[in-house]
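Right, one structure below, let's go through it.
Chain nomenclature is as follows: A, B and C, assigned in order of appearance, with residue numbering initiated at 1 for each chain independently.
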Amino acid sequence: MPLLDVKDLTKNFGGLAAVSDVTMHLDNNELVALIGPNGAGKTTLFNLLTGVIIPSEGTVSLQTDKGLQVLNKQKPYKIAAEGMARTFQNIRLFKDLTVEENVLIAMTDKNKEGFLESIFRLPSFYKKEAALHQQVVELLSIFKMENQLTTLARNLPYGAQRRLEIVRALATKPKILFLDEPAAGMNPEETADLTRLIQQIQSEFHITVLLIEHDMSLVMNLAERIYVLEYGKLIAEGTPKEIQGNQRVINAYLGGGD
Amino acid sequence: MKKNLKYNAIWLAIAILGYVLIYALEMVGVIDQFAETTLVLIGINIILATSLNLVIGFSGQFSLGHAGFMALGAYSSALVTSAIPSVGGFLLGLLVGMIVAGIVALVVGIPTLRLNGDYLAIATMGVAEIIRIILNNLKITNGPAGLYNIPMLANWSTVYVLVVITTLIIVNFVHSRNGRAVMSVREDEIAAESIGINTTKYKIIAFVLGAAIASIGGALHANYIQTINPTDFGIMESINILIIVVLGGIGSITGTFVAAFLLGILDMILQNFGTLRMVLYSLALILIMVFKPSGLLGTWEFSVRRLFTHKKAKGDAE
Amino acid sequence: MHTVLQQLVNGLSLGSIYALLALGYTMVYGIIKLINFAHGDIYMLGAFWGYYVINQWHFSFWPALLSAMVFCALAGVIIEYLAYRPLRNSPRIAALITAIGVSFLLENGMSYLFSSNVRNFPQAMHVKSYNFFGAKVSNIQILILVVSIVLMILLQLIIRRTKMGKAMRAVSVDPDAAQLIGINIDRTISFTFALGSALAGAAGVMIGLYYNSIDPLMGMTPGIKAFVAAVLGGIGLIPGAALGGFVIGILETATQALGFSAFKDAVVYVVLIIILLVRPAGILGKNIKEKV
């Protein structure tokens, strides 16, 4: 049984189908890529899956502890709580908060610190804060960011901002991590680092990763399976090898479609 | 653990020292009746402005109706203490005011906090005006004449203690799980939702807490000034509170204290200028905004912890 | 029946004043996203100018109206230049506080210089009443309605047909792009303030004539109501402001006629809040969602 099951997902923006009839699935602990030319509807599909946009038709269902749950029409925060975390194409950090606070906020739901407990600064408050702090440091150290706890997110270099966004998403303890162009704007060296990191995350946290990426070397190196989107429709699915040899995909990229 | 205790002890010491200082100055006669009134009004303004700062500066929701919640606190406390003129009555009045303001904020907040930016500002201004107009027309609130001969159950030390308590509540709230979630809403709602933050819930928490604390300011106003009427709580009062917040720096509690003091003292000095007072006041306001648009302190906060860690860092370097 | 008609007539004349003011709010908001709190006080300045020139220089109504429009346009441009322009790249709330400061300054400055007394506005025109299907309509009411509608049509023509109007629309959609194609942003914003303030000046003179009393604080409440009108109609939209103004005017007189005068302002706000909740972008506005 798939972890995430997407059936006939469609989104119309006033007559224009940004995403139409997308049927796909994600299994446990796999690394899948979503590729396609600019404007193919990749980010829209991400937004549909994570609840930022409500689909016109179709269903998104996730395997949870309570069985299979239909997620569409749920609020994004509920979907996130069910175990779907994401990053954004145009980095959306809490810019005026510190690195530590950025990660701590993602742990809000896991942290059962009460209102009165924190107002009166009871000893249990300090205990819980210390435990959280420890978790944040551990998480950040995987990304070699443990020395930047008190840096404001806006002051981080670009690559570190992208990494922090991934840490923040991981801090919600997700089942599936959606990465929207994680390598955008990075140089080859940084991209190579990122590739290793994504593999490490996937194996260490046992999660499923779906990533949108334009960097083909990264995609072909990482992905076990690839979905190809063009004009809002899935035109191909398969292993990197299959995709590389697929005539429709080659046409879509080389301008056969233009 | 020990460190936390130390910092908290230092804060407590600062609070007690402040109290002793005012007490001593009062004994010696440096603080006369007039200066005391100014101090009390500054204190009340601090309570009102820090609670508004929680809403504007920390949750990022632009509310322009704070005077409405202040009014609810003032009338609740005035009515309760007029019936029970004792310290117990005052405490009961405070509690009633907080509950009434909290409930109204909840009822108003659930629908309106979906609005953003200026729309929310206008909606909250509308709510405050509706509250004022209702107070202006009810029998129990004595209509436009308002309530008078309210027992004087608040003096400068009551105000001082409540300033300390409310500031403590706000600062401790901000630096906790809930407070951080509230700040994430200010920073980026879409990102906050993406990591499981129910943004509406945290906006409402901040709004209700802000309203409840504003009602304390109102109660103190009623029990110190002893007369209240609906015109005390109009748009102008909301704007006055907002000015303190913006002048001090949105998101800086320290700034709110500084601005409340500066404006209070400015107001005291300008008393002698008659009508010219408001002209100078508004000129000062424009000039400060033109030359320091982020407020006097920006988002800077005074912190005992940082003061110590700084010293330590310096000591290590030497 | 004729009371309904009577209230409609009263509501329309009051509403056209709100509409004229709302236009200024909406234009300024559309172009620099500032709630120009001082706008109601420009209207007060217009009324005082009219009072002065009719009394001292014995102007008749039309020259008084036109000169008040010119005077207010100038005042608006100067205020924008001195107080708002330096804050164009600052947080919006700082600009808002400055606008409040300007509003205070105008109110208190006028009180300080000319006293805060309420004074009678000179009757620049003989009041005549006509019977219109049982409703009493004064020539001043007709004048207010006609002048307002003419001004609104003129404004629409300026915005739709002239080069400056096109520049205004371009700047309100995207200031950076407008600048790139050679539009002078500063001049366009000044022009917007001039237009809006001129309308407020006209409204000031006409309300003086209609209510026959003016004072330095007269701009506060109508200013806020006019802003509410602009939000109601859809802020940034010229037809929205006009519509909102009339709606608020009629609502207010209707509440009064039904015997709830004490609650006439409350009703305005209740309607505002309901509209905001149902259609946050106003009656004529379109909702725009943030792109992710």
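What to note about this one:
Simple rule for what comes next: a contact is a pair of C-beta atoms (placed from the backbone, for glycine too) under 8 Å apart; a residue touches a chain by one contact, two chains touch by 3 or more.
From a predicted model like this one, the values you see are computed outputs, not experimental measurements.
Ranked by how close its mean Cα position lies to the mean of all protein Cα atoms, the top chain is B. Taking the CA centroid of chain A as reference, the farthest chain centroid is that of C.
Inter-chain spacing, taken between the CA centroids of chain A and chain B, is 40 Å. Note on chain placement: the centre of chain A and the centre of chain C lie 49 Å apart, centres being C-alpha means. For the pair chain B and chain C, the distance between C-alpha centroids works out to 33 Å.
Residue positions of chain C touching 2 or more other chains, listed in rising order: 292.
Contact of a single residue of chain B with at least two other chains is seen at positions 190. For chain A, residues touching at least two other chains, in rising order: 52, 88. Across the interface of their complex, chain B is touched by residues 50-52, 75-77, 80-81, 85-86, 88, 92-97, 101, 104-106, 108-109, 111, 113, 115, 118-121, 123, 125-126, 168-169, 171-172 of chain A. Against chain A, the residues of chain B that register as touching in their complex are 1, 4, 8, 168-169, 172-173, 175-181, 183-184, 187-188, 190-199, 299. By the touch criterion stated above, chain C contacts chain B in their complex at residues 29, 33, 35, 83, 86-87, 90-91, 93-95, 97-98, 100-105, 107-109, 111-112, 116, 224, 227-228, 231, 235, 262-263, 265-266, 269-270, 272-273, 276-277, 280, 290, 292.
Across the interface of their complex, chain C is touched by residues 56, 62, 111-112, 114-115, 118-119, 121-123, 125-127, 129-130, 133-134, 136-137, 190, 235, 239, 242-243, 246-247, 250, 275-276, 278-279, 281-283, 285-286, 289-290, 293-295 of chain B.
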